[in-house]
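A, B and C are the chain letters, set down in written order, and residue numbers restart from 1 in every chain.
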């Protein structure tokens, strides 16, 4: 059983954070709300999305596991204007999702959840570098890095007291340094640590992070990076985890 | 003899309604105004456009029949800003159309009208379903239908007292129901009637219908649909007629 | 030795005027400022750009000749917002250009100036037709001409007291006439003179001329056209010179 009503902008921004990594996913519903865990086919990028029941305009659900085609789902939610409400209801008999947007009724076939890539276990990491910065700064660093390379480093420098994003190309280099004044919070953990990531993934993730979101970034030495942020002013929580490229490969 | 001056926005919006169906057309001029009738090469979609003499800033014409390359004509009118006036004058000697837009003079060769597809006779139909709704609702229904199929139905349901647009895909369905409250006027004629149309044509037509135009839609059972609306607040009248796809084909 | 700070908008608009003709160029630096002279590979279009030292927010330079990859350089300056300052500094040791934009540091490899096409000598011409008009009028004439041909004429008519831009196509013609009232200044030199130019080049040049710049156009009879204008309200000076197509070819 599932019946809910939710603000279109919130739903769209939330689902965008998942769809940059996968085309289909499992959606878990229970009385606490809606949650999605997904990992891309290459097992490099993970996402965890939670929309608590309270963030819906109305919400009722028994435990359900749905298989969702995200490409199709985004087309449908794209019919809504920002202020619209989107009603979603599970038809128990047909196991189809009925989606209503201001006079429009869309009957969406679901995917067999068993046919979808397994949900990942997002590991608990204790990483030395911690920084909180606006989404737009990450986007800027990623864009700059893209001018010279197809991968980039995230790092903390204890000496300089900075969080940095950098990329080295064949002839040119680029680097963004953010110090205490430039960010919302910065902790280097007394270490200098750096990890290298694929720009493909970072670029996709950066596009799904709202410009004005406060993003908690945790970074280590040749470790995955964790990015945590909220969507629509706290209505939904998202965690990205991205595996590093090992520099000596 | 033909010499006229007309608001650029009005001329552009009017000609757009024809150019979505054909690349060239016959233009009839007489003392009442300018009119175009055209049918697409597959004989599926027809358009009738009338710009009365009064809607021009100035207008003088004897009976004339011109052959117009619409693609070229749209390029030219595209040089004008919305508030500009466009002066059109027929050079009797060269049989070319002189178009002037704020210092710019364009000499346009006309096409031999005999080489252009014959003008259609728009049939008089007496269809049971009649609804008046804003252009934007049609555009929305057409866009939604495009997510699941390449054709869609327009219909009236006497039971539900509604006008609807719907499409059935292989796995998903979509339907927009508009009842008395949602539309400007609705008459089902005491019948339930539905016809199926090609989305290609409906999409083109919907794009040329102004968002805020009141569109009179007449619909029957496996009959053509007729859509009548005005451009620029009544300055020009347009009628579309679209042949149905027969469902049992 | 070179170290400077400059408004991002000024630098971008200035460099755009050069990059429409060439992908790489020599940049001359001395105590008077920064200057570029370049000619396209086909020797048809020339550009001269001067940004005086005073137009920089800060400027220090000994005589230097740098080889600049303009495509790459535009990517970098594209990271800056209009109001940003861009700091450029030459690293004497590595002979690389260090570019800083609000926390972003880009290390740009330079090109060996000897490998770049020689700088042109812009000839002194004494042409009969002189007109000063806004950049947007040139852009409009060029756009109109593009509808009918791939080359267009610039000319002055002493009889009509006008500067004109015109193009003749296979079937259609287009012409923009500008008289005393339409332009800022007009001198025909008592002659009727016309030269024909490639629209490819004119289109590129017109796009780099600011809409509101006052452009001094000098035109002769089968002679190059010279267009002089300022960028960012006088902070930089640009001269274009474009060789004519000979009509009888």
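The working rule: a contact is a pair of C-beta atoms (placed from the backbone, for glycine too) under 8 Å apart; a residue touches a chain by one contact, two chains touch by 3 or more.
The structure presented is a predicted model; accordingly, all values stated were derived computationally and were not measured.
Peer 1: Suppose you list every residue number at the chain A-chain C interface; are over half of them used by both chains (same) or under half (different)?
Peer 2: different
Peer 1: For the identical-sequence pair chain B and chain C, what's the CA-based rotation angle in degrees, nearest 5?
Peer 2: Between chain B and chain C, the superposition angle is 120 degrees.
Peer 1: Report the inter-centroid distance (CA atoms only) between chain A and chain C in whole Å.
Peer 2: Comparing mean C-alpha positions, chain C is 45 Å from chain A.
Peer 1: For chain A, write out the residues touching at least two other chains, lowest number first.
Peer 2: none
Peer 1: For the complex, which residues does chain C have touching chain A?
Peer 2: Those residues of chain C that touch chain A are 72, 75-76, 79, 103-109.
Peer 1: Could you pull out which chain B residues touch chain A in their complex?
Peer 2: 140-141, 143-144, 147, 171-178, 182
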